[in-house]
Structures are given as structure tokens and as C-alpha cells.
Amino acid sequence: MIVRLQTEPFEPGALLTDFCRGRSETGAVVSFTGIARASAGATQALELEAYPGFTDAEIGRIAEAARTRFGLDDLMIAHRIGRIAPGEAIVFVATAAAHRREAFEAADHLMDYLKSRAPFWKKEHGPDGARWIEPTARDLADAERWD
Amino acid sequence: MIVRLQTEPFEPGALLTDFCRGRSETGAVVSFTGIARASAGATQALELEAYPGFTDAEIGRIAEAARTRFGLDDLMIAHRIGRIAPGEAIVFVATAAAHRREAFEAADHLMDYLKSRAPFWKKEHGPDGARWIEPTARDLADAERWD
Amino acid sequence: MARVLLFGRLADIAGWRERRLDSLPARLSSLKALIAADDPRLAEALAAPGVQAAVDKTLVRGDMALAAGMEIAFLPPMSGG
Amino acid sequence: MARVLLFGRLADIAGWRERRLDSLPARLSSLKALIAADDPRLAEALAAPGVQAAVDKTLVRGDMALAAGMEIAFLPPMSGG
């Protein structure tokens, strides 16, 4: 199980290749890639702040719980921090399970957590300056589905 | 939108890299990779038969309907046919949408269709010979969720 | 030249996957009878529940008239991939 | 040496993200008062709903006693990634 926060851009396909390697008893691998949207010029960059040692530990705790809850063979989470340009990947989650339902549900669950409750602070830089972002009502409702 | 059936092995990470390229207005990309399981030696190979011109047209029709139903930006389906060894990818589905819920649901829906209703005929080669496989009760129940 | 195709277990039972016919019988039901005339196991398999026919790569229900050059496929229940 | 950390909008409002203190007040509530003593905007932001504190990278509720060398972080509502 890998959880990592990184300031450098990552390439989702390369992570999926690594994650799939050598699996002959895993039937299903689901991946999610979240990409920074340009929103037609309204967003020039995202800035994500983490608390090193706290943010990764919290995410690791949720990841371990998901592994047990969904009976996963394995999972991986990579998350960008710092300044992220439109078109760049922000987050990559991959889940491996014997059957597809568990792999889908675990990835869906982890993303709901990461998008609404994970300890990040997010700033959006646009043509009118920067503003701090909070989770949307939809993000909060999505996360509550798993409580 | 790409739908392809191929006898050659494919590498899921490379397909995901291609699929993600140049997206600055897509917020969410979900991928599913189905891998042939060895089942601890019980399965030596899978053999998938398609009806060229019919199978791909049927899958294309379902893919187009999913694109409309879930408001996708794009989707891709690659499916192996012929003989597939344990550990090799059988199917790769990727969906791109503005938000993650639609991308997850569309990939989930497409996989339920591909695993239970798509026009393939599947044979499992094991130590005791070969047998034709039909969808499991779970596959059929999963597919009915979308009717 | 018409083509008749069998898929999945139908092909295994019949021992062939494709046949070319110079001429087709008038109806789909007669074609089914013709290809299974000397093969009772194939006749039984073709009559099993869930076996479908496609004419020129389109699924058809019930019997229908056939015309020269058509491609007729008999499809056992689909398994998914 | 103790460390006090601010994140997100708290750091923007205060104009600093990290301070090192030779000694800590006895309790978390006194530390909060100390760092916002000459900054009413920070005092208000620290009192806003949803602001949490972590001591040595563990979330704490309510007030608590502090000891030398601790790392105290004030966290505004988390946004998710």
C-alpha cells in the first residue's frame, strides 16, 4: 500500500502501469485521476497546502480502513501538493480487488474522503486574485454516503 | 470515442496515458482494468470469441448511449479477444467527465454491460480441459441495476 | 455466396465455425433444419433456450425470409467478456 | 523549543505560517490568546467555527495542558484535495 504526497507532477498512466505489474490473482483494478480544470480561464492555478506528517498519516489511516472494509488486495494514493497548473493531475487513486464491485466502491469511497475531508487547504488563483476553497455541498453529501 | 477489439496484449497504463493527454476541462478520469486470474492454477488461459462487425458494433452502441446518459466528455474501451494468459489484461475502460460521480458511474455501468451482456463467448482452459462460461448470477444482477 | 456462422459452444458441437452456401433456403427456420439435418446434437443445441440468430449482423426474432448473399449467424447465450 | 504552525487562511490572515517559541504557556487556550494578542483579525479567525488544533500532529478537542517542545498547529476547516 503506497500513500504519497508530492510537489512534482506525476503521470497517471505510469502509476497505473506500476500498480498493475505482477498481478495474476487480482481480477479488477480501478483508477481515478483528478485533473485541475482550467474552467475556461477562470482558474489559472490551484495551490494545495498539506501538513506534512499529519496529512499523510490521516490519509494512510483512511486507506488502511478502506483496504479492510472492501477486502482489497492493494491500493495506492498519490496526491500533488503545492501549485498545480490546469491540465495537471491532482490526485491518483488505484484499487485492486478480486472482483470489480469492491474495487469500484473502494476507489469511489477514497475519492469522496479525499475531496471533502482530507486535511488539505486549497486556494484557487484566478484573474481576480486568489481565494480559499471549501468542499462543495455535493462533496459533503457524497462523503456522507459512507458514514 | 474509441472502441477496439484486439488479439494482441495491451498495457493499461499506456492506454490511460493516451486517454488523459491534453485534457484541461475534464476534471475526472476513471479507468477499469480487468485482469485474467490464475485462480491458483485452476485457470491456464481464457479464450474469448467475438463476432467481428457485430460485437464491436453492439459495444459501440452501448458506449454511445453511456456517453449521452452520463454526460461524458469522452470514453474508451479496449477488449482482448482470442487466448489470454493469467495476469494479462482482458478489458480496459476509461471515462472522462467534468465531475467524478458521472465518470465512476459510467465506468461501472459499462463494465456491468461488458461482463454480462456484451456479445462474447468465453471458454476457460484448466487442468481438466476446457469449458464454456456463462455470466455469474452476480454479473446478471449487477447489469440489471441500470435497466 | 451466403455464409453461415456458428459461435461458442455451437461451433464446438458442430465441429465447424463457418460454411459457405451457394444458395440459401427460403426461410431462416429451413436453414436451421438444413445445417442440423445430419447432426442431432447440433439440432438440439440450436433449439436450446437463449440461442439467437443474426442476419447480416443484426439480431432477428422468429422466422424470416432469406435472400441471396446474406450472412446468417447462430449465437448461443452471450457470456460477456 | 516549541513550534506553532498556522495553515490555510489562518496563515494568510496572520502573515506567518510558523513561529518558534522558547517556552509555551501552560495551556492551549493561553497559547491561542498569546499568538493573537496583538492581532484581532487572527483572534477572530481562530475563534471561527470549524477551526481545530493539533498537538504533536494529533487532533485535540477543547483545552489541554502543554509541555516543552510540543508542536501545536491551528487548522482551519479542511477543504479536501
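The letters A, B, C and D name the chains in turn, as written, and every chain counts its residues from 1.
We adopt the following convention: a residue touches a chain if its C-beta (ideal position, glycine included) is under 8 Å from a C-beta of that chain, and two chains touch if they have at least 3 such contacts.
This structure is a prediction, so every number in the text was calculated from the model and none was measured.
Asker: Touching subunit B and subunit D alike: which chains?
Answerer: A
Asker: Treat touching chains as neighbours and tell me the shortest step distance from subunit A to subunit C.
Answerer: So the least number of steps between the two chains is 2.
Asker: Just the number, please: Cα centre separation of subunit A and subunit B in whole Å.
Answerer: Comparing mean C-alpha positions, subunit B is 23 Å from subunit A.
Asker: For subunit A and subunit D, let me know how many angstrom lie between their CA-based centres, rounded off.
Answerer: Averaging C-alpha atoms per chain gives centres 27 Å apart.
Asker: Take the average of all CA coordinates in subunit C, do the same for subunit D, and state the distance between these two points in whole angstrom.
Answerer: Inter-chain centre distance comes to 77 Å.
Asker: Note the residues in subunit D that touch 2 or more other chains, in rising order.
Answerer: none
Asker: Subunit A: which residues touch two or more other chains?
Answerer: Those would be 34, 115.
Asker: Please give all chain pairs that are in touch with each other.
Answerer: The set of touching chain pairs is A-B, A-D, B-C.
Asker: Using the touch definition from the top, list the residues of subunit A that touch subunit B in their complex.
Answerer: 11-18, 20, 22-40, 86-87, 89, 98-101, 103-104, 107-108, 111, 115, 138, 142
Asker: Considering the complex alone, what residue numbers of subunit B touch subunit C?
Answerer: Going through subunit B, the ones touching subunit C are 34, 48-49, 51, 53-54, 57, 79, 90-91, 113-123, 132-135, 139.
Asker: Under the stated contact criterion, what part of subunit C meets subunit B in this complex?
Answerer: Result: residues 5, 7-9, 12, 54, 57, 73, 75-81 of subunit C touch subunit B.
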